[in-house]
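Please find the structures below.
Presented sequentially are two complexes of chain A, the first with chain B as partner and the second with chain C.
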Partner chain A sequence: MQTVTNKAKKGKIGLKKDLVFYCLMLIWPVAQFCVFYIGVNFNSFFLAFRNITMDIESRSYVYTWSLDGIKKAWETVMSPEIIQATKMSVLAWILGTLIGLPLGLLFSHYIAKKMPASGFFRVILFLPSIISAIVVATLYMYFLNMAVPMLIKDTTGNTVLSLLDSSRPVGYQFGALFFYNTWVGFGVNVLMYANAMSGISPEMIEAANLDGATGFKEFWHISLPQVFPTLSVFIVTGIAGLFTNQFSLFTFYGSDAPFQTFGYYLYKETLAHSTDLPEFPKLAAFGLMMAVVAIPLTFAVRWGLEKLGPKED
Partner chain B sequence: MRKFTKTLITGVLAVATSFTAVNCAGRAGSTDVPEENVDTSKTQLYVWNYNGGYGTDWLYKAKERFEELQKDVVYEDGTTGCQILVTGEKPGSPERSAADIRNSKFELYFTEGQDYYKLFLGDGNGDAIGDITEAVTTPNQFEKEGNATVMSKLTAQQQEYYTIGGKVYGIPHYQGNFGFIYNIDLFNQKNLYFAEGYESAAKDDDKFLGRERDKKSAGPDGIKGTYDDGLPVTYADFFTLLKYIKKHNITPVTWTGKYREQYINLTFNAAAADVDGAEQHKLKYDMSGTATTLGTLDADGNFVKDAAPTVINDKNAYELARQEGTYQAIQLFGGIFGSNANYDDLFARNSSDENTAAQLRFVRGQAAILMEGVWWEGESEQANNFAAVSKKREECNFGLMPMPKPEGHVGEKNTVVDVMDALCFTKAGLSAGKKKLACDFIKFVYSDPELVAFTKNTNALKAVNYVISEEDQRDLTTFGKILYKYVHDSDVVYEYSTNPLYYNNAYSLRGRAYYQGDVAGLDTSGSLAPHQYLLDMGKTGKSDLSAYFSGIAAHWQKGWDNLNKG
Partner chain C sequence: MEKIKNRSKKVALSAFGIILLVVLAIYAVSLLGLLLWGFFASFKEPIVEFTDRPYQLFPQKWTFNIGKIFNSFYVKPSTTGKNVYVEMLLVYSLLYSVGCGVASTIVPCLTAYVCARYAFRFSKVIYTVVIVTMIIPLVGTLPAELELATRLKLYDKIYGLWIMKAHFLGMYFLVFYNVYKAMPASYSEAAKVDGASNWEIMVKISLPLTKNTILTVFLINFIGFWNDYQTPLLYMPSYPTMAKGLFDLVQGTAVAGLQNVPSRLAGTVIVTVPILVLFLAFQKRLLGSLTVGGVKG
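The block that comes next holds the complex of A and B.
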């Protein structure tokens, strides 16, 4: 009896210790979440309805409530610059989803099936995610800007402009950057999907094979439904990417890109005005407008995926 | 074998990852820690200096002279003399934020690209910069002759801007402008100078020095025997020169493809200011005064000045987009970019073409003219570019070409636009002893002998008035001598103003931003800057110079209501 009581006491003490441990572990991330997510977003929300001007004589900024930020952001949204950014953002997202995603799934299937050189592909495809983005981007940029044109000039005597040259039609630069983004983003996608696929029961695959399922049928009817929860998370979170993805434009062009996306526009403007308080309300209002579109869109896509997504047979 | 392969791959990946880590450390590693040991028997002053094109050597030299001069002065109880501790690192950014300053041990700053008013206001978390009125307005004991105040060396525009409520919190540091830089050795070697008495109707080749034409023309200043002899006077001359250079299989003009936005647009602004003159160009920042150079285009696309001047105020300052300078700068840059024979297509828009790479092409003589900022020599020296021609910096001969003038403006005084926003200031809240030391050091580096020493060390100019004797000029590089003469003989405009409309919208109203144009019917969108419209479109033959001028006026008229008016 005494032993049981001691065990119960020990259990309670252990539980308390665990609780203290978990609380201590969570304090820092929760505090970070409160400050850098909740606090920042609240601040940004209210900032959208402020007007800030510099008052040099009183050495202070003058804050007033105003819809000027919303008005300016709306005019920006309706400007040709942002209309083009909308097109480019949507195009980048659609192509990324239609090309990048299926390719990622196919490669993952290949790796999960442990086909020849699958380990090699896993490492090579994940390499751009390990190496600094700046290093990879610089290599790619020099390859397109210097190596290819100079090689052509040395061998043929003709000057051929880089695919990234701003005097070329936008399609060239978009294509070059789309390839880069797909390549660089491949690693994470492949790792996630391949891991999800490797969890599929071998008995299920064996049974399908015995039933005469081909490789494609196996992928379509078994692998895809099994990884669909992972896939749908990628697609749903990708909706936010539609508004935040800067498409590596800043890495390649700095603040002088030949076309823009939402993410690039916001990043560039925020950077340019990092110490420019009077410009903050317009940018905050711009972000708020994007949130107004992004939130229902995200829910709609999630609902659609749940309704229309493949079901495990 | 399998284990070995795994170990090898792990090792390779670890190294690859460490590159990333090193890269991160490199960016964040500019901790600005002075390397010199602290001497506790003296009062220390920690000085932060942007180690860009003008370097930090000038400051190390000044510090030695100052420490020696003040070795017996007591700034704080228990110490005698002073120790100036200088940062010798190059951070990622030349300016400092209010938070940077508050959180740093540095007490005196020499920065660049710094918005004085924004720094003065800070970020709402306490004052960042301190009052240095004493250093600027009291007689300067470090002057060898007289005891003029530092303030007396500032122009009227500078004095008005830097004085806030009767106090001064910062003063201009160095000066820098954009322009066309030419390779004198190459010009001499290839006889790329206009000959004396050349006629505009003559064949292009007959206008330049040759066997029968051995004397240079008088150049833009019209006086023989000066540094600008043989250089182009008008835009037409300039274009003729470019064609002539091309005949020698040399690229006429080069610039950095990577930073072309800044370099092209700011040189464009310099050309526009040079046509309008300082007083009219300054209206862009003051937004108050009478504009006399506004105009419109006639049916043939020619500029026709308005019959009457226009009074400019906050409500109609967008009219300044119609200044003649803008029109003429479009003609100049439209002419340069209109033919890709004038530049190397491979680099013109190449985002991998660094500024030092463009400088190297120029130093090597692959290009005759460099579109650059006047700090370029220092950058090239740091990049070892002069070693490529087996010379030292001081053995090379480069010059700043006077900005060519359009017809009707020949002989007018040159105007230079300072784009640096370089600032000297102290941290707020210094102790009395430290503040006295900081003020003394400011006075010292702004005394005439030290201003001259700065120029002799950097071959650059401080953004204050001072005179360099002929004897001292001999110690400058050829480029430094020409730069001094050119700027000294020009009117200088600074891109700032005390007008609240301007400083609340400085980013949108800076010189470079003033040339954004809305041109209808293009397959691109948004407003375009000169480097986009004139260079990108010029190449494809789509640029319409008249449409661009009208587009700039339209853009400003449309966007004026969007400015922050308080």
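The block that comes next holds the complex of A and C.
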């Protein structure tokens, strides 16, 4: 009886020690989360309804409640440049989903099936993810701007402008940047899909092969359903990309891009006004408007994928 | 024997496979071709040779433009007005990448450890928070984050970004959580019987057992921060990193003698070489562990 009581006491002391350790370990992560996630998001919401002015006498900022930020952001949303940014953001996202995503899945299938040189291609596809975006973009830009036009001139005698040249219609630059973004964007996703595909049981593949499902049919009926849960996670979380993707515009053009996306606009404007707090309510209101669209859209896409997605059988 | 087994698993190519092989081969040639073109172009004589024949792969006259970058390139932040030369750009790059890399690895690692190993109700709350924040796209918070950083006196400080990056949210929490959840309890139980404290069990048993995962996540984070130029540009303008310096060099530098393409390409070599060396040294670890993260995350 004595031993049981001692054990219970020891257990209680052990649990208390565990709890103290647990709480101590979580102090920083929870505090950081409260300030830099909850705090930032609340700040983003409230900032949209603020007016910030500089008090010249005290040389400090004065915060008052106002709808000016919302009004200014709405005017910005309705401006021709943001209407164009909306089109470009949506187009970039749709084309990325329709072209980049299927290509990534096909490459993953190739790697997962361990077809010739798959290990080499795995490294190559991942390479743009480890090299700085500014490096790859610089090489791509000078190759298109200088090497290609000069090569065409020396071989055909014709003088051509680079696809990235600002004097060309926007469609050319969009095309060149879309190619670039797709070309460097396989990296991590391909590895994730390939891994999910390599988890398919060999028996299932053998049975499918015996039924005549080889090549593309095997990809369509076996690999794709297997990878669908991973794929749907990427698609759902990728909705945010519609509002945050800069489409490499800042890397290529700095603050003078020939067209804009939402992500580019917000980064460029925040950078331009980084020490100019009175401009922040308008930018925060712009961000709030994007979130108001992004959140329901994400849930709608998630619901759609759950309803319409392929079944593994 | 294992190798032979693996080889026998390799599939014979169908027409579909051949098409994919051709597309992938074109991709590989285009990527490696561009990298090689950029590397060799950085050694070209800038005024005549590069301008006349920019498409030629090999330089006729080798010029050490990288040396010029090291000798004369600098960034002049408008916040300080002082020149920051390449040596200091590299120091700031290291401080930013190592500090943020450590912070964004250790915090999710330790948070995941306590959540996976201690079955208190709050652990489930943390896990749910991670999942929910990954799903709900709270976009457009950049101005609010910058405003908050300014108010907390973290703006334009390297340690400010260390603090801001020291959070547990994101995929790596899930990677660590699965690793610690799968770890057998017998080691820590045996240590507890021997009188080890919770801290000792974590530091002397659990963390060493998962050092490979910790190192891999750190490497991935380090590479990401080393390559990142936009965050330092926005949050710490007085401490330009090498990647930010390259952005300035490409966008147009005031430094005489460096306003030519081969010099700018030499800048890309300086930024890339350390990362390529790191990648080649840890290639298997980086690619392999990412895959594990994918499955379990």
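Criterion: the second predicted complex is superposed on the first by the 271 of 313 C-alpha atoms of A that agree within 3 Å, B and C clash if a C-alpha of one lies under 4 Å from a C-alpha of the other, contacts with A are read in each partner's own complex, and residues count from 1 in each chain.
To be clear about the criterion, a contact is a pair of C-beta atoms (placed from the backbone, for glycine too) under 8 Å apart; a residue touches a chain by one contact, two chains touch by 3 or more.
Please read all numbers here as calculations on a predicted model, not as lab measurements.
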Fit-or-clash call for chain B and chain C when the two complexes are aligned on chain A: clash
Partner chain in contact with A:167 - chain B first, chain C second, else both or neither: first
First (chain B), second (chain C), both or neither touched by A:123: both
Partner chain in contact with A:225 - chain B first, chain C second, else both or neither: neither
Partner chain in contact with A:191 - chain B first, chain C second, else both or neither: second
A:131 touches, of chain B and chain C: first, second, both or neither? both
Partner chain in contact with A:40 - chain B first, chain C second, else both or neither: second
Between chain B and chain C, more extensive residue contact with chain A: C
Partner chain in contact with A:291 - chain B first, chain C second, else both or neither: second
Chain B versus chain C as contact partner of A:142, first or second or both or neither: both
First (chain B), second (chain C), both or neither touched by A:72: first
Residues of chain A that lie at the interface with chain B and also at the interface with chain C: 123, 127, 130-132, 134-135, 141-142, 146, 150, 254, 274, 277
Residues on chain C engaged by chain A in the complex (per definition of touch): 6, 9-11, 13-17, 20-21, 23-24, 27-28, 30-32, 34-35, 37-38, 41, 50, 53-55, 107, 110-111, 113-114, 118, 120, 122, 126, 129, 133-148, 150, 152, 163-164, 166-169, 192, 197-199, 223, 226-230, 233-234, 237, 243, 246-247, 250-251, 261, 264-265, 267-268, 271-272, 275-276, 279, 283, 286-287, 290-292, 294-295
Complex contacts: residues of chain B adjacent to chain A: 9, 13, 16-17, 19-20, 23-24, 97-98, 115, 117-118, 120-121, 123-124, 127, 164-165, 258, 260-261, 345-346, 349-353, 498, 500, 503-505, 507, 523-527, 531-532, 535-536, 539-540, 562, 564, 566
For the chain A and chain C complex, residues of the former touching the latter: 14, 17-19, 21-22, 25-26, 28-29, 32-33, 35-37, 39-41, 43-44, 47, 103, 106-107, 109-110, 113-117, 120-128, 130-136, 138-143, 146-148, 150-151, 154, 183, 188, 191-192, 194-196, 199, 214-216, 219, 230, 236-237, 239-240, 243-244, 250-251, 254, 266-267, 270-271, 274, 277, 280, 283-284, 286-291, 294-295, 298, 302
Chain B-facing residues of chain A, complex: 51-54, 56-57, 59-62, 68, 72, 75, 79-81, 83-84, 123, 127, 130-132, 134-135, 141-142, 145-146, 149-150, 153, 159, 161-162, 164-167, 169-170, 252-256, 258, 272-279
